[in-house]
Structures are given as C-alpha cells and as structure tokens.
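In the part that follows, the structures are each spelled out as structure tokens.
Two complexes follow with subunit A in common, the first pairing it with subunit B and the second with subunit C.
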Partner chain A sequence: MFSNILIYFVVIPLVMMLGLALCRNIKQIRAVAVTGSVALTALSVWLLVDYLALRAAGATEPMLWVDSWQWFAPLNINLAVGVDGISIAMLILTGIILITGSFASWEIPQPKEFFLWLILLSTGVYGFFISIDLFTMFMFYEVALIPMYLLIGVWGSGNKNYSAMKLTLMLMGGSAFLMLGLIGIYYHSAADGNLTWNILEIAQNDAISHGWQKFLFPMTFVGFGVLGAMFPFHTWSPDGHASAPTAVSMLHAGVLMKLGGYGCFRVAIFLMPHAANELAWIFLILTGISVVYGAFSACVQNDLKYINAYSSVSHCGLVLFAILMLNTTAMTGAIMQMLSHGLMTALFFALIGMIYGRTHTRDIREMGGMMQILPYLSVCYVIAGMASLGLPGLSGFVAEMTIFVGSFEHTDLFHRVFVIVACSSIVTTAVYILRVVGKLLYGPVYDEHHLTLTDAKWWERVATAGLIVCVAGIGLFPNFFADLIKFTFSPEIFTVIGLN
Partner chain B sequence: MDYSQFLALKQEIGLLIVFLLVFLYDTFCSPKAAKSVPVIACVLMAAVTAFGFWQSCQPATSAFAGMYFSSPVIVAIKNILNVGALIVLIQSLKWANSEFTSIRRGEFYELILLTLFGMYLMISSRHFLMFIIGLETASLPLCALVAFDKHRYESHEAAIKYVLTAVFSSAVLLMGLSFVYGIAGTLYYQGIASAIHGNMGVMLAVALAFVISGFGFKISLVPFHLWTADVYQGAPTSVTSYLSVISKGSAAFAFLVVLTTVFGSVYEAAWEWMLYGLIILTITIGNLFAMRQKNMKRFLAFSSISQAGYIMLAIVGNNGMGVSALMFYTLVYIFSNLAAFGVIGAIENATGKIEMTDYNGLYKTNPRLSVTMMLAMFSLAGIPPFAGFFSKFFVFTSTLNGTDSTALYVLVLIALINTIISLYYYLLVVKAMFINDSENPIATFRSACSERLGMWICVAGIIGLGIVSYFYDYLLTVVA
Partner chain C sequence: MDITIPILILAIPLFMFLLLGLGGVKMSHKLAGTLGSLGMGTVLVLSYYTAFTYYFSGNPEFIDGTTRLQYVVFNQTWLQFTPNLAIKLGFLLDPISALMLIVIPTISFMVHIYSLGYMEGEKGFQRYYAFLSLFSFSMLGLVVATNIFQMYIFWELVGASSFLLIGFFYTLPSAISACKKAFIVTRFADLGFLIGILILSFYTQQLDFLPMTQNPQGVLASFGGATFMGASVLTWALVLIFTGGMGKSAMLPLHIWLPDAMEGPTPVSALIHAATMVVAGVYLVARLFPLYMLEDAALMFITVVGAATAFYAAMVACAQIDIKRILAFSTISQIAFMMVSLGVAAKDNVAIHEGLGYMASMFHLFTHAMFKALLFLGAGALIHAVHSNNYTAMGGLRKYMPITHITFLIGCLAIAGIPPFAGFFSKDEILAACFHNNWFWGAWMMMVAAMTAFYMFRMYFLVFWWNNPDYAKEHHGHLPHDPGIAMSFPLIFLAIVSTVCGFIPFGKFVTFDGHEYIIHLDWAVAGSSIGIALISIFFAMWLYAKENDKPRRMADSCRWLWTAAHRRFYWDEIYLFITRRIIFDGICKPIAWFDRHVIDGTMDGFAYVTNKASVAIKGFQSGKVQMYIWWYLIGAVVLGLIVAVCVL
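Take a look at the complex of A and B:
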C-alpha cells in the first residue's frame, strides 16, 4: 500500500495532525504546519515532473499511478487512487494555498486546534483529489466539509454562528443529493452484475441506462454544484466566506469550491455524458445566472469579503458553465479557471485578512488612501484585481479567454447566446474591481488613525508574493498548463455523445 | 424429555448463572463486601460476552420442538447486545455506588441482566408464545429500573408511563397475534408463514397493523413514540442509556425476524408500505422535535426516535444485506449513543447539570469530555470518518439493493435530507461546547475511572468500527 506515492497525500496530513497534537508551543506548531505543507507541495511538484516525463515517454492510460486496495469487499468498496493532469494541478493548488494559508494565520489564537482542523480539512481535500473510487471520494469530500463548521464558528468574525451553520448545512444538503446519486450510479454501474465504485471502470462499462442518467446526473451535478456555488445554492458562500478567518477563506474559496467543479466534471459529466448533453441547458441557465448575478451583486457590496465572495460565485459559476459546454477547449479553460481563481481568490482573501487585521474594518466606505499607508499590500491588491478582471499576462485572462473561445465553438444558438450573456460579466468584473481599487487604495486617507499602520510583515510578504508568482506564472506560461491537462479529456466520452 | 436440548441455550444459561451469582452474592455477603457487587457483575458480564464470541462459530440449532432457534446471526446480535450491556454496566459503576443508589445497587445489576435474558428469548424464539414470554421478561424489569431513583418524582412518573405503555403495547401485539392465530391455527413462525403464503386478506391486514403497532411502541416509532421523551428524561441516566440502545436494538432485530420470516410473503402487498409511512414519519417528526429540546436527555430521546427510523430503513429493503446493515447500525448506534450518555452521566454525577445551556464553554474546562461528546454527535449525524457515516451508508445501500423502485429512492432521499436536519441539532451541542461562551461553565472535574473506561471503549468503537472493515464484513458473512 505504501509503495504508491499517492497515498502519502493522505498520510502526510495525518502525520502532521499527530505532530500538532504533540506540539507544546506556537513555534513548534508553525514549524509543523509549514514543513508539512511544504512537503505536500514538494510531493505534488515531484508528481508533476514525473507525470510529464511519463507522458512524454508515451504513457496513454487515462490515469497514472492507479492502484486499488480492498476495503469493504462485499460492497466492492476499494480505496482506489489514481491521478491525471487535472488532479495534479489541483494537488499543487492545494499545496500552495496550504503553505500561504499557514503563513497568513501566523498569529492565530488557539493555534493548535486551528491547525488541527485546517489539516483535517486538507486531508479531505487531498483524499478527494487522489481518489477514483466514488465511495472514498465521497467520504473525503465530507471530511473536508465538516471542519469548516468549527473553523468558522470558533475563529470567525461577524455573524459567525449563523454563517457557519448555514454553510455546513447547505453543503451537507448538497452531499445528501450526491450520496443518493452515487448509490444510484453504483447499482447501475455494470450490466453484467459486477458492480463497481471505480470511476474508470464505470466509464468503461458505460452501463447506466439513458433513463437513469437523466435521474442521476442532476443529483450529482446539483450535489457538487452546491459546493461550486451554483445559483440558487450559492447563498452559503458570501456569508461563509465573510465570517471565516483568513486562512479558512483562502482554503475554502481557493480549494474547496474547486471540489465542486472537479466533482461535476469527474463524476457527473464523465460518467453520465448522455444526460449531460441533454440536460446541460437547465444547468447552463443556472450557472449563467451565477456568473452574471454574482458579478452584479459584487458591485453593490461594501464589505471587502462580500465583494470577493460574490466575485467567487461569478468566477466559479464560469467553471461549471464551461464544463457544461462539453468540448475540449472550454473544459481546458474551466480547469485553468479553477487554478486561476483558486490562486487569485486566495490572494484576495489573504490581503483582505491582512488589511482587516490592521484597520479592523472591512467596509470600503471607512477606508481610503491605503496606497500611501500600506504600499506593499496595496500593490498586491491591485495585481490581484487585475488578475481577476482578466488583464493579459495574469492567470485570469488565459482562463477566461479559453473558456469563452471554447464555449463559442458550440454551434447551438442557445449556447452561443448564453456565452454572450456570460461574457458581459467581464465588464461587470472590471466595474467592481476598479471601484474597490479606487475607493480603498487611492484618494485621501479616510481615517487618521490609519496613518500609524505598518506595512506587511515578512510572513505576510511570503504568503502574498508566493501567490502572485503563481498567478503570473499561469498567465505567462499557459501552454504548460494546457499541455498538462490535455491528456485528461479522453476522447471516448466526447465521441460517445457525438461531440468534438 | 431430551435434556440435551438445554445445551442449545448456552448463552441464556450463561446469563442466568451470572444473574444467580450476582443475586446470591448480593443477598448473602456482608454490607461492606456489597460494594464490590458492581465490579463483580461487570467482570461476569465480560465473561459472558467473551463466551458469546467463543460461541459465534456454532452451527444453527433449534430446541424445544422448534420454539427456540439459534444461528450464527442470532449469536452475533446477542454478542452486540452483550457488548452494549457491558458498556452500560461499566458506565453505571459510579452511579451505582453513589449515596442514594448504593443500598439497592445489586438490584440494578440483577434487573439489567434479567431484561437482557428476556431479550435473548425474544430474539431466539420461533414461536409467538415464547416470544411473548421473552418480551414480558424484557419489559417488566425495565419498569422497575425506570423507577429506580425513587426519591425523584420524575422517575415515578416515567415508570408509570412506561408500565402503561408496555402493557398497552403488549396488549395490542397480542391482539394482532390472536388474529394471526385465527388465520393460521398455529403460533410457530414457520407454520404461520406457510399458512399465509402470500394470501392477503382483511384479517391479515388488521393483524399486521396490530403487530406493527405493538412493535412500534417498543422501538418508539412515530406515532407510537409519545412515551419516549418523558421516560428517557425521568429514568436514571444509566437506565436511559440501556433503554435507548439495548432495548431498542433487540426489539428492532426481533421485528426484522418476525416481518421477514412470518410475513415475508406479503412484503410487497402489505408491510412495505406500512413501514414506508412509519419511517418517513419517524425520521421527520423525531428530527423536528429534537431541534427544540433543551434537556440533553430529552434531546437524545428524540434523536433516538429518528435513529430508529434509520434502523427501519434496513428492514424495508427486505434483503440479506439489510440484516447485516441493521446489525451494524445497532452496533455503531450502541457505541455512539453510549458515548453521548457516558458524557451526560459523568457530568450529571459530578455537577447535576443536564440542560444544553449548561454545556456552554465545556471545551475550555473539560476538553476531553467535549471531544468525546463531539465524536458521538458526529457519529450519530453520520459524518465520516466516524462509524456512524458507514452505518448510515450501509443502511441506505441495503435499502436500494437490487431494486429500481422509485418509491424507495424517494424514501432514501427523504432520509438523506433528514440527516441534514439532524446534523443541525447535533451541531447545536457541538456549538454549545466549543463556540458558546459561558459565565458559569461547568467546573473542571475528573470523571471516575469506570466512566472514563466506558467512554474510551465507545470512542474506540466510534473511530474503529467504520474504518476497520472487519466488523461489517464479519456481519455480512454471518448473514450469508
């Protein structure tokens, strides 16, 4: 079991939790958190290098490092792992955000419990990304959801009890639909009676009948879509993100919301392509609303975190929107958008947390002229904003460009109209980003007390600089990432439904 | 008469011997030596449990002209009940030796052993006469146990309610059985099954309705649940924990046996739909009422009502997987619920506090108790990686096993949505302990050795039972 490298993505967090439990002071806790997350990131980078080498050497399997260990034999439940380009991209994203998140919560109260929950959350995330067995995937998915309750409830701010409960219940509500969908998939996974939970085998069997796909696809898509902040199930996101402590907002918006998009792609669409093709229009409408409505909502908010949370709704809506186009270009764009949004929104939340830690307000009407007081943080904020509104050279441009080009490839008029509608969000994004930049960073200093504030400390610089490098990296070398994920779109599922 | 038949009753006889030993020791020892009665009872109970596991590979046997039946499945469920009873006995050590209870602590252990004996008979019987004897042996000592805190008014009230309900439900059940006797002319399970043979009639429908209602009282399914909250609240915590897990688990298993072996042929015609409605009502109403409870014992009473609904999900699928899912659910439920009751009991013994608001800020003063309680709540709510998640999952899979029935998919969806409601109120407890602040939190205290042992066993079960696949695999192989 331990000869497979992937299992260490779960083992390392567990060891970290053990280490944290033994820590006596804050220095040790920081050391464990940073070492562990660096180790995880290093492992995923190593995986990336190895993956590219294997692909270059001609490996054509859909997933590499595939392995399966029996768990509940009578129910065919296995601990099955395997990764492809998308999973590796997500693993790297998780690692980066975990490192920067650890730096961003350098001075958190009750650090031991905080990091224990945070690492438990990341165990779930890592386990989810490496699993290819529906049962274990679902289990890790729920492991990732529940620590949020205490992370927000104990360390959060504002209306935290309400937000924590709302977020947890809504996400678990999504997983209720999901669980039914997954059990349904299992019982229809094979025509010959050899039922399986393994995604690759289910896709190969292609045994789920048309009628059942039509029932199971909405179940799984909505189930994951709740976490992807799909309209009308997005309402947990603004409240939850606004109340959460910095690192948790980063991890949740940066990585956990990607679990939704990833799950929609990997389970709902990959296993039930026929239904996806037929029912895509319903969800296109919903995700289209997410994209546009999220952007407009962000324009009228005054709380920095709410602005960014609604912007996340809009951007994550774009991920689901692109996936539903069912063609390679749009899906590549969706994955790029997941990466891009993950990094960018983590950067935003980190900066907001740092500004809030100094000014003790997140209301943009009560701040101004920050560029004079906090030049480093302000410049970072501008860069994040530019990435968000899609400035060429940064990650947002690459992702959104690919998505819109890919989506417009769809010849259907209905789809094209919706692409145009969704495109309008680019303009709206510029409006709310520039509004914040103008009010918050430039102009006269609003409050004289702010003049005494100090700029970023070294750990804050590490966190933000790391994220900016990644955002610019994707923007400057998009080919690398496009190549990384291109193998994943196994042509079979598209030929099955007569697309592409 | 062939006396070798008694050898088939090894487990029952073992339990009776323990009962007699405890009884004789308690009666004839000096008052000073009586202090060790609880410990002796626990050790002997542990021995019986171990003996049960040793028995688990025995082939199926029957005795007394087929009235008594034992098979690996039945031994397994008895073992599960044994483990639960053992934990209850361990957890109540401190309470049994406390000021008010110490003069009658022997009775507590004797009565618990007697009810367990009754449950054994209930599970093993293949003849309704035997079944009724088992049922009454299980119920009547419980009435005495509920009234155990005789200095407390609530305890009396609870006992009266429990007696009346027990008698009434037995009467309803007997009424149903008399109808069944009228149809079949026999009280043997097999005889009735072959007499019914899929022939659905008005008489049978009425009989079935009576039988299901009778069981509904025992398992506290809605709308037969009204006694539950008051009895749970009034009874001493140790008795409540016993009532909520062991009594419920054994009745649920007996219900399964009766429905599948006796009425198996009219599954689709009759009881699938009766049960279907009961499950939806039980889960939903149990949940809705649990949300409003302020007293921890009442809270767990309503939570246990909704949990009973989930247990019934394993029966409604009517397949072999359901039997193992039911047993596994019972096993996990025993550990989760007893962990919760362990914490409640420990806090009650130390401070006398029992309201949910008393738990505010508990994590700051008693972190270990809070974590135990949190694990119990997560397990009851079905959060992975704790055992409750697996047991719920297996129950759902067993319900949908081999069926494409839309109705059952809808049923599972309703149950799943209800898990979210239940998560809400389980999180309220977690919130009280971890998030809420209190000006007057429960002071830091060290719980008794026995209480800690009981909680450790429960926590080990909550963490281990799901992740280690051995237990569920074992139950499945036993059933198959």
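Take a look at the complex of A and C:
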C-alpha cells in the first residue's frame, strides 16, 4: 500500500496532525505546519515532474499511479487512487495555499487546535483529489467540510455562529443531492452486475442508461455546484467568507470551492456524458447568471470580504460555465480558471485579513489612503486586483481568454449570447476592483488612527509574495499549464467531447 | 534579420520596469531617473537602427524591387487554444511598425528627459519612471504584434500603464476618478474588441495578422456570406474590433475619458494621451486595413465616427479654459482626422488614388505625434511656471518665456497647417484624400481644419499675448521663467523636428501596399486650406491678441452654445446618469438586494420552516406516559376503523 506515492498525500497530513498534538509551544506548531505543507507541495511538484516524464515516455492511460485497496467488500468500497494532470494541478494549488495560509495565520490564537482542524480539512481536500472511488471521494469531501464549521465558529469574526451554521447546512444540503446521485451511479455502474464505485471502471462500462443519466446528472451537478457557488445556491459564500478567519477563507475560496468544479467534471460530466450533452443548457443559464450576477452584486458591497465573495461567485461561475461548454479548449480554460482563481482569491483573502488585522474594519467607507500607510500590502492588493480583472501577464487573463475562445466554438445563438454575456463580466470586474482600489488604497487617509499602522511583517510578505509569484507564473507561461491539462480532455478519454 | 536587437527593444524597458519597480525604493531620484532615461536611450538607438535597416538596407527580406515587404522577425507560440488558434508573441517589421519604432522611442525618450526636470522632487519619482518604462514596453509590444491577440495583450497593458500614470497623484480625488474612468471606458471598448476578435478568429481560424491581411479574399470566403441583423458578419466583426480602437483613440462616444486623463502628470499626457497610446486605434485599423477594405459599411462607419468626432472635439476645444483640456480635445480631433483618412482611403474594395488616405493617415500620425508632444511639453513648461492649468492665470508670457513661446508657436503653426511646418503636409494629404472620395468629407474636414487653426491660436494668444506682460509679474509675485535644460532640450528638439519632418518623402516609406507613392501637393486643396487657416488665425488674433471684451460679447451673443461647448455637450452628465442612476442604482443595487432578501431569504426560509416545524411537533415527545397511551388508543381506533371500512 505504501509503495504508491499518492497515499502519502493523506499520510503526511495525518502525521502532521499527530505532530501538532505533541507540540508544546507556538514555535513548534509553526514548524510542523510549515514543514508539513512544504513537504506536501514538494511531493506534488515531484509528482508533476514524474508525470510529465511518464507522459513524454508514452504513457497513454487516462490516469497514472492507479491503485486500489479493498476497504469494505460487501459494498465494493475501495480506497482507489489515481491522478492525471488536472488532479496534479489541484494538488499543487492546495499545497501552495496551505503554505501561504500557514504563514498568514502566524499569530492565530489557540494555534494548536486551529492547525489541527485546518490540517484535517486539508486531509479531506488531498484525499478528494487523489481518489477515484466515488465512495471514498465522498467521504473525503465530507471530511473537508465538517472542520469548516468549527474553524469559522471558533476563530471567526462577526456573525460567526450564523455563518458557520449556514455554510455547513447549505453544503450538507448539497451533499444530500450528491449522495443520492452517487448511490444512483453505483447501482447502475455495470450492466453485468459487478457493481463498482471506481470512476474509471464506470466510465469504461458506460452502463448508465440515458434515462437514469438525466436524473443522476442534475443530482451530482447540483451537489457539487453548491460548493462551486452556483446560482442560486451561492449565498453561503458571502456570509461564510466574511466570518471565516484568514487562512480558512484562503483555503476555502482557494481550494474548497475548486472541489465543486473538479467534482462536476470528474463525476457529473465524465460519468454521465449523454445527459451532460442534453441538459447542459439548463446549467449554462444558471452559471451564466452566476457570472454576471456575482459581478454586479460585488459592485455595491462595502465589506471587503463580501466584495471578494461575490467576485468568487462570478469567477467560479465562469469555471462551471466553461466546463459546460463541453469542448477541450473551454474545459482547459475552466481548469486554468480554477488554478487562477484559487491563487488570486487566496491572495485577496490573505491581504484582506492582514488589513483587517490592523484596522479592525473591513468596511471600505471607513478606510482610505492605505497606499500611503501600508504601501507593501496596497501594492499587493493592486496586483491581486489586476489579476482578477484579467490583466495580461497575470493568471486571470489566460484562463478567461481560453474560456472565451473555447466557448465561442459553439455556433448556435444560445451559446453565442451567453458567451457574450459572460464576456461582459470583464468590464464589471474592472468596475468593482477599481472601486476598491480608488476608495481603499488611493485617496487621502480617512482615519488618522490608521497613520500609526505598520506595514507587512516578514511572514506576511512570504505569504503574499509567494502567491504573487504563482499568479504571475501562470500568467507568463500559460502553455505549460494548458498542455498539462489538455491531455485529460482528449476525446478518447472524455466521451462527452466526442459527442459534441 | 538577427533577433537579438528586436528582443532587446522589448526586453530593456521591461527590465527597467522590474528594476525600478522592485528596487526603486532603495534608489535616489537621480539614479532612478538616469537609469530610466539611459534604458530608453538604448531602446531609441536600437529601434532607430532596426527601423533604418528596414527602410534603407535594401535587404531582399525587406524590399522586393520597389515593394516593401512585411517581415516576421520571430513568432513564438505563447498559448495554444485549439490546433489552429494560438496566441503568439512575435515581432513584425513592416512599413507602419517601423514607423512606430521611430515615433514611440523618440517621444518616450524626450519625455524621460523632460521628466527629469518636470518631476524633480516629486514623491514617487522612481515609481513614475518604472511606469514610464512599463508603458514603453507595452506600446512597443503593441505595434510590433504579429498576432491579433498579442495586440490585445499589449492593448490591455498600455491601458493598465495609462491607468497607473493617470492616477500617479493618487491622493487627489480628481486623479482617482480620472484613472478609474479611463480604465473602465477603455475596458468597455475592449469588450467590443474582444468579441470582434472572437468572431474573426472563429470564422478565419486564424489569429496571425499576415495570413489574414495578405489574403483578404480568403478571409471573405471563410465567412461564406454569413449575415447577422442585416449586415454581414465580417462587418460586425470589423466594427466591433474598431470599437476597441474607438475606446483607446477616444472617438465619440467613448471619448469622455481622455480630457479627464489630463489629471496625470503633463509629460505623461504628452507621451500617452497625445502621441502614442491614443493613436493605437488608428494603428489597429491600419493594421487590418486590407480587411476593412472588404466592407464598405465598416469603412463608412469609421468615416462617420471620425468626422463627427473631429467636428465635436474642435467645437469643444474652442470653449475650454484649461490649456491641457484644449490640447486634449485637439488631440481627439486630430486623431479623428487620421480615422477619417483611413475611412476614405478605399471604396468598393479598391484603394482610392493608390491608397492616398492610408499614407496620409500614417503621415499625420507621425507629424502629429511630434508637434502634439511638443505642445504638451510646452504646456507643461507653462504650468510649471505659473502653477495653474488655466489660461486665465497666464497671458503675456512671451516676454518671460521666450523658448517656450517660440517652440509653442511652432507647434501651433504645425497643427494649424501652415507651411513649411509638418502639419501642413500631412493634413493636406488627408484633405486631398477626403476630396478624392467625396467632396462632402473634403469640405467637412476643411471646416474642422479651420476650427483647429482658430482654437489653437485662441489658446496661443491668450497664453502669450492678451494681457500686458506686467500682468504675470503682478499676478504671481515672482517672474515666470523658461524651464531648465532638461525641459527645454526636448522642446527645442521637437520644435526642430516639427519644422522639418514634413519634408520627409513619406510616400517612399509608408504606403498601404508597399509600393512607393510620390507625394505631389494638390495646390487647389493646399492653397485653400492655407487660406482658411490664415483667416482663422487672423480671426483669433483679432479677438485675442490684446485684452478686450470682444470674446465676451461674442460668447454672450450665443451663450447657450458657448455653455454647451464648455460643458462638452453634456456627455459626462449623460454617462454619469447612465452609470450611476441606471447601472449602479437600477441594476447593481436591486441585484444585491434581491440576493440578500429573495435568494438568501428563501434559504433562511427553509431553515425557519424546519425550525418552526420541529418546535410544533416536539410536544409529541413529551415523556408523559398518559399522553403516549392516549395517542396510542386514538391511533389504534383510527387504524381499526380504516381496516373495518376496507374489509366491509
């Protein structure tokens, strides 16, 4: 079992939790958190290098390092693992955000408990990304959700009990749909009675009848879509993010919301291609609304976290929107957008947390002229904003352009109209980003008390600079990531692309 | 051709941006300024070398007999979308990009030097030079683009550098709103550009310029006569792409950001908002001109927009007080000249008069860059001297600022079209091109040219004459004086260029099909345009040479018109109404309310109903045994009754 490299993505966090339990002071806790997350990131980078080497050597299987260990024989539940380029990209993203999140929560109160829950959450995330067994995937998904309740409820701010409860209940509601969908898939997974939870086997069997697909596709898509902040199931996002502590916001918007998008294409579209093809239009409307609606809502918010949460609704809406375009280019763009949004939104939440930690307010009407007081953080905020509004050279641009070009391959009027509507979000995004830049960073100093604030500490610089480097990295060398992702979407692997 | 130099042309400004941006805080002002200027000086030398090699070397890569060729120095895939479509980054040398390789570094270098004096001691001096380098990098990348997406990338980057530079004085509320406005208005225009690119690339399966522009019939064929809402899809694509140009080049109705952009430092206005970035729209149309030639409707659209803008901006320029605003509107009007010139250059798929309009447009782009940068830098010197942007604070300055006065006068003569200054030659070609197309456009643009001469000399006389020279002394307490060498050198240099560059045989270098075009002055047009310009100048002189109340009486005689022109015909108010009242209050706020109260209210409603329901039924779980028995009996009776009814 331990000869498979993938299992270490779950083992390392568990070891970290053990280590954290033994820690006696904050220095040890920081050391464990940083070492562990660096080890995880290093492991995923190594995985990437190895993956590219194997692909270059001619490995054509859809997934590599595939392995399966029996867990509960009567229901055919296995711990099955395997990764492709997309999972690896997500693993790296998780690692980066975990490192920067650890730095961003350098001075959190009750660090031991905080990091324990945070690492448990990331165990769930890692487990989800490496699993190819629907049951274990779902289990890890739940493992990732539950710690959120405590992290927000205990370390959060503002109306935290309400927010924590709302977030958990809404996501659990999504899970209910999902559970139903997954069990449905299981019972139709094979024509010959050898039922299986394994994604690759289910896809190969292609045994789910069209009629059942039409039921199971919406179930799973909505189930994952709730976590991907799809309209109208997005309202947990503004409240949840607003109350969550910095690192949790970072991890949640940066990685957890990606679980939704990842699940949508890995389960909903990959396993139910025919239904996806027929029913995509319904969800295209919903996600198209998300894109525009989130952007317009963000324009009038005054709380920095609300602005960013609505911006996430818009950007994550674009992820699901692009996945539903069901062609290679747009879906590649969707994955790039997931990476891009994960990094830049983590950067945003890190910066907001740092500013909030100093000013004790997130209301942009009560702040101003931060550029003079906190030049480093302000410049980082401008860069994050530029990434968000799609400035070339940063990650947002390449992802959005890939999505738009890919989406435009559909020739019918319906798709065209929705693509143009989605394109219009580039203007709205500019409006709400520049509104914040103008009010918060530029202008005269609003509150004299802010004049005594000090600029970023070294660990804050590490967290923000690390994220900026990654955002710029994707923006400057997009072809590397596009190639990494594209292989997964070849028509041989992804039936739905062949259908289109 | 060796690719080292082209790469260096782009790499040096980028490197300077990173160096000054990351390390600038630790540098002294002097070091940062020197580094920035040296970097730009190197770029100037390298790009002159490249452009001159292209024009003069006679290398068969660049010229075939007498036909100039388009040469791709390198073209590297940056992001592959589909097997056919990819963003490539490259370096294209052709007559117009080589022209821009002369214009951009020249103006940029002059502005770098000028800023050493103008921005001396300003807070954020290093940042300023970093942004200037970023802008130069982006603008150079834009003009050498081999791929329409490369152009779009750098198009966005110049927009961002423009945003950063307009907002350079970021504590001033007016600068903040100006930079936001500039970015958002041009972004809105870029949405059109993007959609245009998407349509064009979808049909042609092509993003590189050369395969499209060298085979326009192929492009036409790939559209297969598709139509949408009564116009061909190709026309839609071209008009949408032109929308992007309308935004950057401040054409009506997307012009509103440019006058406000004058909130930036004056050298920035000279570089970005007069000479280089704002002509990007013209450059874009010129770059895709073989495609525009295919669709008369698209060309007509360009002509109408250009002609309307030229007239509108000239009207407004006549009624402004702030000298930078006058120059801004004059810029809008002059760019519109270039647009019109492109619009009239072809009809029925045939270039009129060997594509005279195309050549004239590029010629005017070149000369305008020189004399408009000169005028802006001159305005900077004036503002530096009297600490105000308004001509009401000036007057009679000719005595104290002789260098500024002479150079400014040369700039005014050039833009008014008086020979032998540069503007005369290029504007004359534009007017001739208009007359070759249609007498109406010719007459219309001739009228705008007359207005140009009037408003420029109105400003000139109000600034340098009007008041008694002593006015300045009394008004400011100290004597205004000419700026130092760092600022006067660029003025003198550009004044010399503006004087002589009209004699360049431009048709030899830049024409629409690469064949040489022999410029011969059409004296009927030239003579009348000189005549009209002189009349306008004398009219301005009659009104403004000496302090009097004729201008006031004239304004009073049609006050409404003057007020309307002064308020820029209320375009800003219209936009404010649309953005604030309709989009912000009418869309954003209701959506946010809807989200919080309807969508979220429904979700909260579920929780509320669940909660209430559980409260309502929790009484059943009372723990009282008597109650349980009571319910048990009722249940048993009801069940028994049901069974009985069913059995019977």
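In the analysis below, the second predicted complex is superposed on the first by the 491 of 500 C-alpha atoms of A that agree within 3 Å, B and C clash if a C-alpha of one lies under 4 Å from a C-alpha of the other, contacts with A are read in each partner's own complex, and residues count from 1 in each chain.
The rule is simple: a residue touches a chain if its C-beta (ideal position, glycine included) is under 8 Å from a C-beta of that chain, and two chains touch if they have at least 3 such contacts.
Source: prediction; values computed, not measured.
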Most subunit A residues touched (candidates subunit B, subunit C): C
Subunit B versus subunit C as contact partner of A:Asn159, first or second or both or neither: neither
Touched partner set for A:Leu169, first subunit B, second subunit C, both or neither: both
Touched partner set for A:Tyr442, first subunit B, second subunit C, both or neither: second
Which of subunit B and subunit C A:Leu150 touches, first, second, both or neither: first
Subunit B versus subunit C as contact partner of A:Leu75, first or second or both or neither: first
Intersection of subunit A interface sets (partners subunit B, subunit C): 169
Residues on subunit A engaged by subunit B in the complex (per definition of touch): 71-75, 77, 135, 139-140, 142-143, 146, 149-150, 153-154, 160-161, 164-165, 168-169, 172-173, 176-177, 179-180, 183-184, 186-187, 215
Of all residues in subunit C, those that touch subunit A in their complex: 77-82, 85, 87, 149, 152-154, 156-157, 160, 163, 167, 170-171, 173, 175-177, 179-180, 183-184, 187-188, 190-191, 194-195, 198-199, 201-202, 584, 587-589, 591-592, 595, 599-600, 602-604, 607
In the complex, subunit A residues that touch subunit C: 166, 169-170, 231-232, 234-236, 293, 296-297, 299-301, 328-329, 369, 371-372, 386, 389-393, 397-398, 401-402, 404-406, 408-409, 419-420, 423-424, 426-427, 430-431, 434-435, 437-438, 441-444, 478-479, 482-483
Interface residues, subunit B side, partner subunit A - complex: 378, 383-385, 389, 393-394, 396-397, 400-402, 409, 412-413, 416-417, 419-420, 423-424, 427, 430-431, 434-435, 469, 472-473, 476-477
